[in-house]
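Two complexes are shown next, each including chain A; its partner changes from chain B in the first to chain C in the second.
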Partner chain A sequence: MKGYLGIDVGSVSTNIVFMDEDTNVLESLYLRTNGQPVVAVQRGLKQISEKLPPHTVVRGVGTTGSGRQLTGIVVGADAIKNEITAHAVAASHLVPGVQTVLEIGGQDSKIIILRNGVVTDFAMNTVCAAGTGSFLDQQASRLNIAIEEFGDIALRGKTPVRIAGRCAVFAESDMIHKQQMGFNLEDILAGLCEALVRNYLNNVGKGKEILGPVVFQGGVAANAGMRRAFERAIGMEVHVPKYFNVMGAVGAALLARDAVSRGVPTRFKGFGVADLEYKAGSFECDGCPNLCEVIEMAEAGRVIARWGDRCGKWSNALAAGNCS
Partner chain B sequence: MPVRVGIPRALLYYYYFPLWKEFLERLGAEVVVSDRTTKGILTRGVQHCVDEACLPVKLAFGHVQNLVDKGVDFIFLPRMVSVAHREYICPKFLGFPDMVKQNITGLPTVLDTAINQRKKQRDIHQFTRQVGAALGKGPIQSWLAFQRAWETHQKYMGLLEQGLLPEEAMSVLAGKEPKQTADNTDLTVAVIGHPYNIYDPFISMNLINRLRKSGARVLTADNLTEQMVNQGVKRLPKKLFWTLSRRMTGGAFNYHDQGKVDGIIHVAAFACGPDSMTGELIERFIRREGKVPFMNINLDEHTGEAGIVTRLEAFLDMVRWRRTAV
Partner chain C sequence: MKVTFPHMGYMYVSLKGMLEYLDIEVVVPPPCSKRTLDLGMKHSPEFACLPLKLNIGNFIEARELGADTIMMAGGCGPCRFGYYAYVENEILKDLNIHYNLVVLEPPEKHIGELLGRIRKITGNRPWIKVIKALRFGYLKARAVDEVEQMSFQIRPRELVRGATDRALQEAVDEIERAKKPEEIPFALNRAREIMEAVPADMSRPVLKVALVGEIYTLLEPFSNVNIERHLGYLGVEVERSMMLSQWINDHLFMGLVKNVPSSERFKKVASPYLCHFVGGHGEETVGAAVWYARQGFDGAIQVLPFTCMPEIVAQSILPKVSGDTGLPVMTLIMDEHSGEAGMITRLEAFIDLLHKRKEQKEVLASW
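After this line comes the complex of A and B, so read on.
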């Protein structure tokens, strides 16, 4: 069997998909990154190679997400793309004619507007991570409920409580206040979903024309309460695709397929990278007052990449090949 | 030995440095510029500045500190009130010399003569006379020095209008060959923002060079003539009385209306009042027509580049994708 790998290394989850040559997703994995992107990728590659039939040929690899550069170096990627493009590519491939993509991940949320299959506009949340998956995670653990149950409990809420969604800190104190007043959990969670959706539409979706079909993806799309809150707020059906939580990886695989389509051989180093030892380290360069934090990646004891220097002194030294 | 006058490489440096340099040199001074922005300069600025100030003002504090270290005799911080009829420069510029004098110790003499041309263009001569007097020169010599310097300024503006960016234009003025910009660009992007944000590679996280490396030609509002800017700003129902905001807004509208760019990026500094207004203004007008892709980028003290890289990549992907689809 031949196919393509897509790897999306986000702040919270690391997702890997294997797609055959007809772009059917055969295998998909959703793992927690736990702050160790390389370890997560290695674990993921190992798991997925065990699931695939022997003699599977990987024709191309694409990486995306905030860890895309790092991962791209580790696995030898053919396409390294930002997550906005990857999500848009995946959504328009799996849901032809999609005009709006709502995406909420662990640390960021974005809206992508497509018209006639082309991205015409997008926005990402600014510095604040209010209203993203990690906030929901945190609230679920504070209330001692599993994040997987969050959505179903919220769906049972009949009269959602009004909660301030502008800022995660305010939302939390508002929730505690409402709890102490005696509102039940279902209504509070339903209210939290509505508050987050309100904040998202206000902040990220500001001024964008939301037209159907609307696709909701990213880890938070698993939360049925959030989906219902979106449907209520925009008055349209919100479609959650089958691979909603690995859409970035699906996009990366599609982009990899595109990258090698012109007969370029893949740069994939093979599933063997799962067993190599990778070590990331950093040091502060004192060559000038910028004091850049240079990050160094070593594969089996040999430095394979450096980045983070503004002037290129360290990264170029390596590219030129005159560095041990 | 000539007196050494320091000019911070911050705020309106990118508009007026050639003018100030020539003017001060003709008054017999040696001009010293602060070093390029580094993490060290920014950190010192943030430490000494009031916390409510915007990022560019904090940075300018760091540059003043840097000049203090260099042991200059004067620091040139003209109090910029107004440079155009019935318009103003941001009030933080007006108060900047006072903020510096209150917060930085060990300062040499600060030349903080006011420039206020709100009523009449020729009110500049009050300024030239006072600066000349501070450096021990008479009114006529000061006036002549300013006339010569103004000619250089006109030459500088001319270079900008030819499409050079400030640093490039300054090196041409200094007699260097203009650097040949690579031809491997397939699209043109207008970067709209305050000069001290977009032209400082540290603060903008190298935005302009990143765009160029990704195959985009970069134009800014400063590559347009005053007339073109005013043409652009005409579509607003009311006059904008901040000079810099008028330039940015007019520039964005001109590029949009002339169809000369494939995308527009607005760069705003966190905590900048006028930016939050003009950014919104530009965005609304441009979105209403929906012809040119638009993106807003917020800058602050963070040095993590991932956010900006992701947005720029996605923006260029979008611009290219949109173009192939037409």
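After this line comes the complex of A and C, so read on.
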């Protein structure tokens, strides 16, 4: 069998998909990154290689997410793309004609506007991470409920409580007040979903024209309460695609397929990278007052990449082949 | 007297040149760094904007080098910046750091008022010499602006990554070394030669993106996480709506120098979207988006510090401008985070969007 790997290394989760040549997703994995992107990728590659039939040929690999550069170097990626482009590519592939993508991940949330299959506008939260997956996670654990149950409990809420959603810190104290006043959990969670959706539409969706079909993806799309809150707020049906939580990886695989489509051989180093030893280190360059923090990645004791230097002194030195 | 001032990009070249021409001792604060920001954050009100925090850091670091007098621009109007000089001085006093404060308020009627305000620093030096010094500082700003603009064009076309940045610093240093107005033309020529020597493929097709927004975050690369550099690396030629010499001429000289680009060109086209001064450069930001759309730019990026009121007003109007003109506009808010990765993600996605649009346009045009 032949196919493409897509790897999305995000702040919270690391997702890997294997897609066959007809772009069917055959395998998908959703792992916690736990702050160790390389380890997560290695573990993921190992698991996915065990699931795939022997003699599977990987024709191309794409990486995306905040860890895309690092991962791209480790696995030998053919396409390294930002997650906004990757999410848009995946959404328009899986839901033809999609015009709006709502995406909420662990640390960021974005809205992507597509017209005629092309991204025409997008926005991503900048200074504030309120209303993203991490906040929901935190609230679930504070209320001692599993995050998986959050959505179903919220759906049972009949009269959602009004919660200040503008800032996560205020939202939390507002929620505590409402709990102390005796509102029930269902209504509070339903209210929280509505507050987050309001916040999202005001801060991220600001001024953008939301037209259907609307797709809701990212880890938070698993939360049925959030989906219902979105449908109520925009008055439109909201689709949650089958691979909602690995859409970035699906997009990366599609981008890898494009990258190698003109007969370019893949740069994939093979599943063997799962067993190699990778070590990341950093040092502060004192060559100028910028004091850049230079990060270097060593594969089996040999430095394979450096980045973080603004002037290119260290990364260029490596490209020229005279690294120590 | 040892005079210092806050950093704002290459402004130090101009101010240092002007003051040293008057034989006034100058302490240039160390370039903005993580330490500057840490010091500033520690002692500033949390809700103040990034420029105030970096200013405080600059002043603390300048004191460590022996500075005793602050020279800073002021202002009046809805932007908080007008009070920053005084507020910062109060904060420094509380820290037991006592400075003489000289605020260059923009003149209301005539450039002569500026000369009066600067007197606290220039003392009994003859007016004619002070006027010459002001002109010298302005000419330096213009020279630096010119090489910076060259870097915008060269960077996306450079053959060795980082070559433009190294050349730019050398070119700026060359201008910095000029001690008299007569030396500027020679220094500028050498600076131009340095920039032209950067190996580059000038025929390479690039996207053109305008940077609009708040002046400090536009001019100080530390505050905008080197946005110009990253755009250059992504193959984008940038144009900045605000250059230092333009600001000096518009605000401090009241447009005395003619036949140079002025922010008036933006204000004229801001209407009907925004027909009123809203503080800071809000009106100019809206106008600049319209202006660059008409100039055929591929996109515009608005940068502003978090909590900047005038730019928030502009931000809420930009989607309308974008819808009417077809110019894609993205807003990036700058604050204490120094991580570049998040910004690069947004820039890359924006550039992808611009490329796709351009491709579509070209396909349509070829019919």
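Following the convention adopted for this analysis, the second predicted complex is superposed on the first by the 324 of 324 C-alpha atoms of A that agree within 3 Å, B and C clash if a C-alpha of one lies under 4 Å from a C-alpha of the other, contacts with A are read in each partner's own complex, and residues count from 1 in each chain.
Quick note on the criterion: contacts are C-beta pairs under 8 Å (C-beta built on N, C-alpha and C of every residue); 3 or more make two chains touch, one makes a residue touch a chain.
It should be emphasised that the depicted structure is a prediction, and the values quoted were computed from it without experimental measurement.
On the shared subunit chain A, the superposed partners chain B and chain C overlap sterically. When both complexes are overlaid on chain A, the residue A:207 reaches chain B and chain C alike. Look at A:291: by the touch rule set out above, it reaches both chain B and chain C.
Of the two partner chains placed by the overlay, chain B and chain C both lie in contact with A:310. Once the two complexes are laid over each other on the shared chain, residue contacts for A:120 go to chain B and to chain C alike. Within the superposed three-chain arrangement, the count of touched residues of chain A is higher for C, of the candidates chain B and chain C. By the touch criterion defined above, A:141 lies against neither chain B nor chain C after alignment on the C-alpha atoms of chain A. In the superposition on chain A, A:82 makes contact with both chain B and chain C.
Of the two partner chains placed by superposition, chain B and chain C are both touched by A:66. Counting contacts as defined above, chain A residues 66, 81-85, 118-122, 124, 126-127, 207, 289-291, 310 meet chain B in one complex and chain C in the other.
Listed in rising order, the residues of chain B touching chain A in the complex are 35, 38-41, 202, 206, 270, 283-284, 287, 290, 293-294, 298, 300, 302, 306-307, 309-311, 313-314, 317-318, 321-322, 325.
Contact residues of chain C toward chain A in the complex are 30-31, 33-34, 160-162, 165-166, 226, 229, 306, 316, 319-320, 322, 328, 330-333, 335, 337, 341-342, 344-346, 348-350, 352-353, 356-357, 360.
Touching chain C in their complex are the following residues of chain A: 66, 81-85, 108, 118-124, 126-127, 206-208, 289-291, 310-313, 315-316.
Per the touch definition, chain A reaches chain B in the complex via residues 66, 81-85, 116-122, 124, 126-127, 207, 288-291, 310.
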